[in-house]
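Read through the structures below before going on.
Below are two complexes that have chain A in common, paired first with chain B and then with chain C.
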Partner chain A sequence: MKPFTYVLPHTLAEAHTAAKKAGAVLKGAGIDLVDRLKERIEAPPEVVNLLPLKNDLAGIADDGGGLRIGALTTLRQIAEAAALQGPAFGAVRIAAGLTATPLVRNRATLGGNLLQLARCWYLRSAAFGCLHGGKGPTCLAMTGENRYHSILGWHDCVRVHPSNLAPALLACGAEYTTFFDGKQERRPLAALFPDEPTAQKAEHTLRDGEILVAIHLPKPSGDVRSTYQETREKDSFDWATTAAAVQVTLQDGTITDASIVLGAVSPVPRPRAEAAKSLIGKKPGDAAFLKAAEMAVAGASPLSQNAYKLSLCKAIVRAALTEVTR
Partner chain B sequence: MTTPRQEIELAVGFGKHIEKRKVDVPDGDAPPWDANSKFTVVGTDADRVDGLAKASGRAKYTYDINFPGMLYGVIVRATIAKGKLDVLEVDEARKMPGIAAVVLLKEVGNKVRFVGDPLCAIAGTNLDVIRDAMEKVRAQYTTEEHNVDFLQNPEAPVLDGDGNLIDAWPEHEIGGVIAGAEASHEGTYRTEVQTHSSLETHGAVARWQGDDLEIWMSTQATFGVRGELARALDEKGHKPASVSLHAEFVGGGFGSKFSAGVEGLAVCLLAREAKAPVKLMLDRFEEHTCTGNRPSSLMQIRAAAKKDGTLVAWDTRSFGGVGFAPGGGGVTFPQHYIAEVQKRGAHKDLVCDTDPPRPMRAPTWPQGYFGGELFLDELAGKIGIDPLEFRLKNDGQVIRQEQWRMGAGKFGWLQARNPKPGSPRDGDDPRYLRGAGLASARWGGMGNHGGRTPHGCTCRIHADGKVETRSGAQDIGTGLKTAMAMLTAEELGLAAGAISVFVGHTADPSGPAAGGSTTTPSLAPVIRHAAWLARQELAKIVAQHLGCKPEEVTFAGGKVGAEAAAKPMLSWADACKLIGPNPIETRGTRFPNYKGEAFNNGVCGCQFAEVRIDTWTGQVKVLRMLAIQDCGIVIAKKLAESQVLGAMIQGISYALHEQRLMDKRSGRMLNGDFLRYKITGPADMPPMECIMMSVANGHTNTSSVGLGEPPSVAAPAAIANAVYNAIGVPVRHLPITPDKVLQALAARRA
Partner chain C sequence: MTKPPPDQPQEAFSRRSFLKGASVATIAGTAATAAATAATATQGKPETFGPGTHEIQLKVNGQNKLVKVETRTTLLDALRDQMDLTGAKKICDRGACGGCTVHLDGQPINSCLTLAMDAIGGEITTVESLTEGGKVHPLVQNFVHCDAMQCGFCTPGMVMSSLACLQQRGKPTREQIQHDLSGNICRCGTYGRIFEAVERTAQGAQGGGK
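On to the complex of A and B.
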């Protein structure tokens, strides 16, 4: 990597001031960032390490209104958290536990997982220059090798959003807090991802220097359950080829609320509201799940090499719904 | 001390299949072991002697070698797949801070043959300053149109939409035999490129002292690369006065590390120019793209059988997807089923603009066995005969006949088979389909004596009781060291842990490259011979002390002595005290293999696999595997089993995961890293069992046969057959990834 100034802040405000400087980047555990620096696809003049703020920014606590998960909480802490043991947040726990390898999970932070750069093999290599990377005129995967790319909701770039946690948290109705210019701001998690994920847009909507502080999960009321499943080519760490997080509320054997969010199929995690709505008022059953699965991929437009993902995506929605209502 | 040349009668074979055979044992060789030999160390499951050192990080691999003032080296490589190098300017790079040397590896005007073709190498104080300098190297090319897909080669055969070869078979009478047979079948099979993925990448540390060169290298051919480097440096005008090479620990090779490679030459030249030690280790992308691979293949097979399952004809044509030059793309079909039948085979290598193949564990075999064994299961299905029956009917090898039966019983073959392929087993969730498959393995690996430079081995016994066994050959992880300890311990009546083993230094006696499953069978007789000679030296000294004849001295359980002697047995330590200041030092010799046919010219094996397929997601999960394997007389049981289990894991990986994915436009590999190049990991590994059969071949004093390659031959085929049994349609294209399974399931439904 290229030399850079390394900032170890004492306070959020200090971190924010440093990170606002042109070209500066924030660092959680650095698992994603350091890869990018070593590959030389980025050469920031300044790296602001958030880990010194762990005391304030890591950990899971009930803040009265629900659970607050600090942005520097590790994936392992999330996978094993007592506070997340209930059925309502199964999706979050499972998604964290399935991510990467034990070594990565011991270090990787929630914030870094949600904000990581897409894993497209063209984007991630200094040997290529593509539109999303700001180094080329077109998306190379769209007409190149795209077996692991988007099948849905893509524009001029067919990257997929790589985070396991994003669909899980979205399905569970999470919100997020950031720090910017001395203020903490709280928004629904969907606002963290661009509406129109074009090549020009980043993976997330944070402004330069804006720091993700925490994720919030609402208190479940009633029989709320969630789960997360993904398809892969192998069981030992692998990136999902498709992922589905679902949350349902059951009352007297009927589904009264539902959400379905897809991962690894689009440049952003994709809530499938229509598909989820189709379940409301229904009794759990394979016919309803198949229909919801079908609707979850409605409007998909797979690329030259990834039509197989459609079947996978349907399978994983059906499987997740089956499991969560069991 | 030598024994007269003599004809000895040996018991060869295994189990109930023991035959008497006369062998001509050369003068001076140790008396050969046979099927009746009794061992105390050999054949036991002693631990790997360097296991703890490796697991604890104390073992120093080439990567771990460091010197004060040592520099690093990196190779600058071509970014185009095909063309000519027009400009190569390195002056600016040379002037960058921290840069100590730049050597050119390609001349302007030369061809560029693949992405990664070496251009020059740079040495500097750390990798970051070198990367900065690399950005200043200016290369310009005249590019030519390239192709990285062997099936796009103009000479490639035409395939239909299902991947079947459709060109007519060339005229031959075998066509008539097949057409007129009671049953026949035809199919096209395909495999993808598997790249070399040794955990330790290629590379070396070079240090010159005057004109003497010392080099630490991750290699599987210590003596070969030493000679190669000396010649190459001479050609470059840097003839070394001496070259000594060290490869004490090697993090895998699998066939990719027989040559010093351009990286070996580059590091020596950089160290020469920089006047400092230099370390140059390839990075993972270079390892995937520049150190060879198991090439892709396309195989069409047609064959015929009688209704009772006897094969009558076998006809194949195959294509190998090689790199920029032909060679190395062949496929080997299982010959033991078709020794007696009418057959024909044609092969062609199809070049494309990538790095060329290198040997990879049983080069050419796993491809051909995958195609051949899956084909046989399809044909068996047509005839309506159980695949095991079909094998028993056609397999001409007596060892494997026994192995099939033993394995089938142990595995529960009939219960594991899905009687209705494509339907769930009773009691299973209908989402999942299970099935079982089997396949055979075969290899030679009888070892050799080294030709003009016979292999040697030193054995030393010191007065303090220490025993050394030394070979200059390398242990690439296969376990040579442990075999050396066990063979020496057996001769001296000690425990394996009492022996100090040294390998991988060219100052010690020469040994073979670790390839073709030849290291153990080539060296075991020498190691034993050295220990046997040392034992006789010690026997002489002890006999004098005890007042008995040397022949009467026994070595067992750490005691040395003679029952007939007046004085009591000596402990090993006390016996060694008699040696005096100069240790006993003997040099073992590798005599040629005994004349005449060995019991079985090679080894046999078979493997069984059970799989479960998720019909929703297409993912294949291997539930369990079993291997039955022989390697002559088994020396180190635990290590032999570890070889087989490792090969099964590699086989799962080849069958289900591994494939090189290329960007056709740039000619560059897209998954050249361990994030995207998928290799089977712990969570994918099923319970696996390996049963070793001991077979006395009677071809050397130890009857040992090599084991590196054979177990990797069967595994992918057994898994592919299990998938076929589970879903009822064959997936004829490795790796069997979820997309292909879903496609096969959809095709069956249609």
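On to the complex of A and C.
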């Protein structure tokens, strides 16, 4: 780790001003950032610590319109939150509880989880120079070791978006608020991720110094249920090889609304709108779920080592839909 | 596909009552400190530190200590290199093994991915607290009794995660113990005996002889 100046702000405005400076980087718990600094893939001159703003930026509260989850809320707090116990936000609770390890979840923040750097082994190593890292001419995983990489929606870089929380929150219709130039701005969560996730694009769309303040979940109306499933090579410590979050609304035994979002298969979390739409007006049942699962991976173009992800994806979409409508 | 984690922890065995019961020394030091913290800073401008060395105050095992750190110093390095508390181990140094587990405000964390600066104002508890004053904590005695280690390298981290499990759940089930220890890797594969040591402690055993 290279030496850096450490900035402890008292207010969002101070944090924003400090973080806007060239080379400055924001920090939540630092679990992702400290790792990147130790690997020497980054050496920012200034680190702006958001933890002093915990009082304002951590916690889960009903703000009238729905739930507001502060960006500094820890994954453990989310996994155990009473406010998230209902069926509507099961996906969020389960995704948080499955992430990393209890030790990591005790500190890792929601903001840091959503905004973390991709875990591609070429990108994360100072020994390699790749296109996404801005240190090479090509995506090394495209023709290299790519069993954990993208199977759909990739362009010139096949990294996958690593966050468990992102697909879960997207499936639940979340929005996010940021702070920039004295103003708070609220947008649908999908806008946090680039439309065309090319190598040049960051994992997220935040401008330099823009601070993620909170995530918002809408008040569920009717019989809304969600869940999250993922596959891994081992039960603990492991990243998802595929992930699926689903939310459905049921009325008189019929699906009236649905969303399906895949994680760990594309450079951004991927809502599968067509697949979800195919469920609307249907009664829950395996035939409908199988069809939706097939549609969820439609148009996929797996790499040399990761076609296995197609069947895993289909299996967890089907299983998640079965579980959530039970 | 993985199972959702088991039930939430219960507060039955709080950290406070545990510390009392185990009579771990918690005499708070009152050393004056030159270290500025966010709490004492003036409004209007952010505090900045570094990039050089400066002194901070950390509260470790109930005692306030002054430590020289850089902004990039991790809590693990501060404990091991500056405070001679070498119980917490540096193994992966990337949050991927749990060898460096200590408690921060009662919760087990990876001290290798925690900057020392971020522990200012917090209560840090290390494995050394369990043998302070010549009194050995029952959990440690039960690790010995169950022969819950082979090379012993993961042991301090395992003990600290086990301690948190006991403090937060009181009488944890086997499944809850497995869940709470899932951030600690034992390369020698001693898991079964570690779980037994935790269960014995929950049952009130004091190591051997019972």
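The rule is simple: the second predicted complex is superposed on the first by the 326 of 326 C-alpha atoms of A that agree within 3 Å, B and C clash if a C-alpha of one lies under 4 Å from a C-alpha of the other, contacts with A are read in each partner's own complex, and residues count from 1 in each chain.
In this text, contacts are C-beta pairs under 8 Å (C-beta built on N, C-alpha and C of every residue); 3 or more make two chains touch, one makes a residue touch a chain.
Computed from a predicted model, the values in this text were never measured in an experiment.
Asker: Figure out whether A:2 sits in contact with chain B (first) or chain C (second), or with both, or with neither.
Answerer: A:2 sits against chain B and chain C alike.
Asker: In the superposed arrangement, does A:316 touch chain B (first), chain C (second), both or neither?
Answerer: both
Asker: Give the label of whichever partner, chain B or chain C, reaches more residues of chain A.
Answerer: Larger number of chain A residues touched: C.
Asker: Let me test your reading of the model: by the given contact rule, A:282 touches which partner, first (chain B), second (chain C), both or neither?
Answerer: Neither: A:282 stays clear of chain B and chain C.
Asker: I'd like to know which partner A:291 touches here: chain B for first, chain C for second, both or neither.
Answerer: Neither partner.
Asker: Touching A:236 in the superposition: chain B (first), chain C (second), both, neither?
Answerer: Touch status of A:236: both partners.
Asker: Using the superposition on chain A described above, determine whether A:103 touches chain B (first), chain C (second), both, or neither.
Answerer: Second partner only.
Asker: Jot down the residues of chain A that show up as touching in both complexes, chain B in one and chain C in the other.
Answerer: Of chain A, residues 1-3, 231-232, 235-237, 316, 319 contact chain B in one complex and chain C in the other.
Asker: What does chain A use to touch chain B in their complex?
Answerer: Against chain B, the touching part of chain A is residues 1-3, 40, 119, 121-122, 125, 127-128, 140, 144-145, 147, 231-239, 241, 308, 311-312, 315-316, 318-319.
Asker: Can you list the residues on chain C that touch chain A in the complex?
Answerer: 1-2, 4-5, 8-9, 38, 41, 43-52, 70-72, 74, 93-96, 98, 101, 104, 107-110, 113-115, 117-118, 161, 179-180, 182-185
Asker: Once bound in the complex, which stretches of chain B touch chain A?
Answerer: Of all residues in chain B, those touching chain A are 79, 128, 131-132, 616-619, 621, 656-657, 661-666, 668, 670-671, 675-676, 678, 680-684, 737-739, 742-743.
Asker: Quick check on the complex: what are the chain A residues that touch chain C?
Answerer: 1-10, 14-15, 18, 29-31, 34-35, 37-38, 47-49, 51-52, 76, 79-80, 94, 97-98, 100-104, 106-107, 229-232, 235-237, 316, 319
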